[in-house]
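Right, I'll just put the structure down here and ask away after.
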Amino acid sequence: MSIIFGAQDATVDYSVDGWGHLPALGPVSFQIEAGQFVCLVGPSGCGKSTLVRLLAGLQAPSAGLVTINNEPITQPSVQVGLMSQEANLMPWRSVIENIALPLELAGMSSSERGHAVNSILPRLGLEEFGNAFPGELSGGMAQRVALGRVLVASPDALLLDEPFGALDAMTRERMGMDLLALWTDLRPTVLMVTHSISEAVLLADRVLILSPRPGRIIADLHIDLLRPRQLSDTHSLRFGELARQVRERIQQS
Amino acid sequence: MSIIFGAQDATVDYSVDGWGHLPALGPVSFQIEAGQFVCLVGPSGCGKSTLVRLLAGLQAPSAGLVTINNEPITQPSVQVGLMSQEANLMPWRSVIENIALPLELAGMSSSERGHAVNSILPRLGLEEFGNAFPGELSGGMAQRVALGRVLVASPDALLLDEPFGALDAMTRERMGMDLLALWTDLRPTVLMVTHSISEAVLLADRVLILSPRPGRIIADLHIDLLRPRQLSDTHSLRFGELARQVRERIQQS
Amino acid sequence: QETKSVVDQTFFMTFVPNVQFAPIYVALEKDYLSNAGLNVTIEHGDENVGVDLIATNQRQFGLISGEEVLKARAQGRPVVSVYEWFQRYPVGIVYPLGQGIESPADLAGRKVGIPGRFGASYNGLIALLNANNLTEQDIQLEAIGFNAADVFCVGGVQASVVYINNEPLQIQNRIEQGECQGYSGVGVFSVADYADMVSNGLVTNEETIANNPALVQAMLTAWDLGLKDSIQNPAEAYLMASAYVENLPMTDDFRSALEAAASSQAIFLEEASPDRADIAASRQQLLSDLENQFDAEILVQFRVLLNTIDLWDADQRGVATLESWEATAAVLRSMEVLTGDIDVSGAFSNAFLPE
Amino acid sequence: MAQEKPLTSAISYTVAKPVPSWHLGLVLRRFVPWITVLVVLIVWQAITMLQLIQPFLIPAPGDVLNEAILVLQNGTLWVHIQATMGPVFAGLGVGISLAVALGYCIARFPLLEDILSPLIIALQSTPVVAYAPLLVIWFGSGPNSKIITSALIVFFPMLLNTVAGLRNVPPGLRDLMRSLRATPWQTFTRLEVPAAMPVLMSGLKISATLAVIGAVVGEFISANAGLGFLINLARSQYDTPLVFVAVLTLTVLARLLYSLAAWLEYRALYWQRHGRYLPK
Amino acid sequence: MAQEKPLTSAISYTVAKPVPSWHLGLVLRRFVPWITVLVVLIVWQAITMLQLIQPFLIPAPGDVLNEAILVLQNGTLWVHIQATMGPVFAGLGVGISLAVALGYCIARFPLLEDILSPLIIALQSTPVVAYAPLLVIWFGSGPNSKIITSALIVFFPMLLNTVAGLRNVPPGLRDLMRSLRATPWQTFTRLEVPAAMPVLMSGLKISATLAVIGAVVGEFISANAGLGFLINLARSQYDTPLVFVAVLTLTVLARLLYSLAAWLEYRALYWQRHGRYLPK
């Protein structure tokens, strides 16, 4: 049930009409251990989303290899939950129906689905909006629905592409801590793209830093803050030191 | 040419099918002076985007009044540039053509347009992507194109709805300082929605803080940091104090 | 000769250009019309549309079925038949030989094809059935569109209402090529043998008759000459028709054979002053001559012309009788197509017949 | 407030307005089509009364009404309506199901488009008269020929709209379904059908009226009953009022079918009436 | 790598593949439709050789070819092609422009839909034969009647697809144009037309073949030239090979028109071939 991600010299080139090849990513090599919480940071357009798509099995590398549990990835896996950068909600489904989608596809009965979704709605702060349609949501609310959709199925691994990008600082912190609690309980393998250095340091075991396009791993920092972690840890000296390290490595790139 | 925004008891209720009225915003009252840089912060779903749409003339309040230069707003104005929360790029136009859209609509000649867009592309970090199509951009790149589109026309007022939400910390800081430089030059009136408290304090003359839905103004903080400001100001004591104030006010809400 | 002003006329005809319209082409080719000061163009179209065009005086002349005139008049359209073009009703029922059909009565219970329950074929069928004490319910009538030859030859129907100058020939052709159900031959029950009904005629409207009788007279005279020439010299008529009817079977050999026949026929007409029977015999002779030289493919449309001539040929061309109009009206009444009183005598006129 | 009027409609998604919608207005709107009908009737009456066109080309409304009452009372009209509408519904069913099935396959396997397009376009562009003999021979003059002509005419627009609709499915949602390991059938029912719905519904509305035309064309070729047959019959009898009755009946039936399709569209696109559809 | 095959096509937007596209494959694909044609020809030949269907129903390919060469050489075919295609293009032009113009107005003023829909549907569902007399009386038997029948048949699908296309314009982009104070004309040309393009192009492809049908129908009612006329002529002479030549010519012309429309679509939707279209 536990998931190990790996990449060996994985590279992505996009072929662009009348332009030739656009190197978008890599080569990158890494291994993410089962149950590890890894954050991925890097400048805009460096290939983070592309890397996530590789691991999600939505796209194949132009060269090199990406693996799950040391098997090459040939297609998406139900054990891996993906939250992509866009909310990608179905406009014809209500909030509840959008969140329930993975369960529905897995063949879960309607009442079980209702139960699962209703238990997650308050955590998303969307109690009142279960029957709203995506067109009636604010940007941050849509993002929370998308997060709910990936969490509801309790997958063994989470690929989260900027899951909190549209949220205000407080909601963001709360949801981050929520995610951490969930992770502590179930221990999924997590790869999360974020632009917030403090968020990365607060949540992750490791922070991978990518160079500008084509993104390569320029740093792989071990975050040795003790667990369980609290929001107040951000005021600790060690936290400041680690955050500074991350920032410096990014600036050097 | 200078723009003063105002609101008197402006309220927005959305009517939702089989649900009745959803109070989304207000009542809010405020005045934004000509050339002022105001940041708007508040929890997700509190009505920030709705308020921006009111001032942009895209929507009328359910009750109360919104004004530009003390005239009720009845329709969008060319002097006001709007960057909404979604990038809203036209998928059939290249990056250059998307950015040039406002100039094109204003009847500017093609060569002038080319000139204007080419001068803005490097500032957006998109020199290489002028001929790319939106489908070929990363999330942050798309957002930068949308920002370029609103800046290229040098409007007298800017309404920016989370303009840097999808950018990494460094790019975000650089673009924020860029915006500040531009503002210092041209002195447009700016209302910017952001979720970053430090960004708000660094850039703004005033920070408006909204309560949870329906958003009301629970604080209107004057940011008395000296101008011109630099990134290094974030390390100053006064900055820390102001940021703490903002954070506290938000948490009290 | 005084120079008359030229009158432009559009002449309405049904269907598409066809060798059955040869007299029209002959009149055009031989300048009978232009000599009478008429500049005529031909227009083809749906018959009901044509009736309305004439009734509204958008057109002054057309070639229209007699029963159409009756029905149209019954519905307030002031159209008048002034020259009976066909002397025999062209509709009949084609049936295979040796399949137990000897008389119309044997059609009872069989599948009979018909283009549809409307138009001349339907009227003719009813007349024929009436004359044989049958009703529509006695047979299995099947609407098959204008596809009689095809449907008949694949056995879709056991007999079919057809135009006797055309389809039986096509079917005969297929039988000879062994492509028709293994039938050995076909016979035809001709409506004209059972009922005297009016058929196609030259039709104009009351307004033209009242305001411009000279025009009617001139027109009829020219068409009549064309008809006469066609009857008397079919080879010539066929040649002239080939200029108007695209795709009419024609080869160099056939053309020169027809040309030779046409000129010898002209001499024959000039020198022998033959009567109707002589001329009919000369047509038969010509056909058998041609049959010796050419295969059936090439001759088929020429034979259609000869068959059609048999429907035209009469001692006095163009004349109509009240009896035949009454008979036609009676059939239509029996079908409840015509209801109430209608002044049949107003539907036609012999007043303009050329000498 | 004189907001610029957004380009919207009752059926489309609208900017959620903070003002209550004027429900009386919605009710009144239902009557607008009838006003048009009324105007047409008045113009028609005027034309016949002023004798602008000969009455045998366009009869007076009263005459048409009398004729209509007649054929309604003696049941003729009803027989012909049934003879036409049966094949119309069957043709719609056959044509649409085939078109959607094939459209799905074509959108899924582009090669299929190359393989089949010559055949499909040939089928579409060949005038029915050309294969009328085959139709009559193979399917007789009963309802089957009509069903086929009706299905044929419905097929092509529905096929193209199905393909266009399926190709417009947002790729982000496609990726979502892939990442959830949805089966092709799940993807079809949960994503492709709803996403293609606006275009499919446009195709359905086109088909609804085309199916009627198709059946009538079939009846012109060979039939013993039906409204197309009735038109031919009435025309052959120069009974213009009856022609009008038959034609107007067709019009009403087509309009009903169209309304049915429009109602289905209204129901199917319920979500477009909720807030703005902003793909977020 | 056995990636799950995404539901895409040459013309649709595809997931930008990191592997170079196999250009030889694209070239080969061009030949696929011809293979279909070849297969059809072989089947046809087989049917006639095995005498499965009487030759007067389906003549041998060789006979049809001979006939075709004949009418090509003597120029007849060309005359009829011109007589048909002129009205087809004119009808397409008239029908499409009217449909797009009216479709725009309807999408913009929903009330107009209520007002006009009874008329439009009446026009659409009334069989041409019903108003054929009026057509011929008012427009003669020349090309005008054909143009009108052709335009009429094109009008409705194009209208519905225009409305469907315009109603699918993303509201976010509409807001953008409003905030930029775009004039209605600018909104139309810069936003509505390109955004509605996929559905408009589907409508254009439907129209392309329907226009041919429309003109042929017009020719069946009254005409002195044209391919529909030629079909009737050949049928009246029981010249099945000539019927086939005329029908196949129609098929080829319709196919050419369709290809033209598909090519225009390919050009117009160039942007769908650039990366994924993710509304960001």
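Going in written order, the chains are labelled A, B, C, D and E, and every chain counts its residues from 1.
Here is the rule we go by: a contact is a pair of C-beta atoms (placed from the backbone, for glycine too) under 8 Å apart; a residue touches a chain by one contact, two chains touch by 3 or more.
Computed from a predicted model, the values in this text were never measured in an experiment.
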Other chains in touch with both chain C and chain E: D
Write out the two chains that share the greatest number of C-beta pairs in contact. D-E
Determine whether chain A and chain B, two copies of the same sequence, contact each other through the same residue numbers or different ones, counting it as same when over half of the numbers at the interface appear on both sides. same
Greatest Cα-centroid separation from chain B: which chain? C
Would you mind pulling out the distance in Å between where the CA atoms of chain A average out and where those of chain D do? 47
Taking the mean of the C-alpha atoms as each chain's centre, how many Å separate chain C from chain D? 42
Using mean CA coordinates as chain centres, what's the gap between chain A and chain B in Å? 27
Numbers and ranges of chain A residues touching at least 2 other chains: 14, 16, 57-58, 75-76, 86, 132, 136-137, 139
Chain E, residues touching no fewer than two other chains: 4, 13, 15-16, 57, 129, 133, 137, 170, 172, 178, 232, 235, 274-280
Residues in chain C with touches to at least two other chains are numbered 48, 52, 56, 150, 154
Listed in rising order, chain C residues that touch chain D in their complex are 48, 51-52, 55-56, 68, 71-72, 74-77, 116-119, 141-145, 147, 150-151, 154, 156, 337
Per the touch rule above, chain D residues touching chain E in the complex are 4, 6-13, 15, 29, 32-33, 35-37, 40, 57, 106-108, 110-111, 113-119, 121-122, 124-127, 129-130, 133-134, 137, 156-157, 160-161, 163-164, 166-172, 174, 178, 187, 192, 198-199, 201-202, 205-206, 209, 212-213, 216-217, 220, 228, 231-232, 235, 243, 247, 250-251, 253-255, 258, 276-279
Within the complex, which stretch of chain C touches chain E? 15-18, 42-46, 48-49, 52-53, 56, 58, 146, 149-150, 153-154, 170, 174, 179, 245-248, 300-301
In the complex of these two chains, what residues of chain D are touching chain A? 13, 16, 170, 172-173, 175-183, 186, 190-191, 194-195, 197, 270-272, 274-280
Under the stated contact criterion, what part of chain A meets chain D in this complex? 53, 56-58, 75-78, 80, 82, 84, 86-93, 101-102, 104-105, 132-137, 139, 142-143
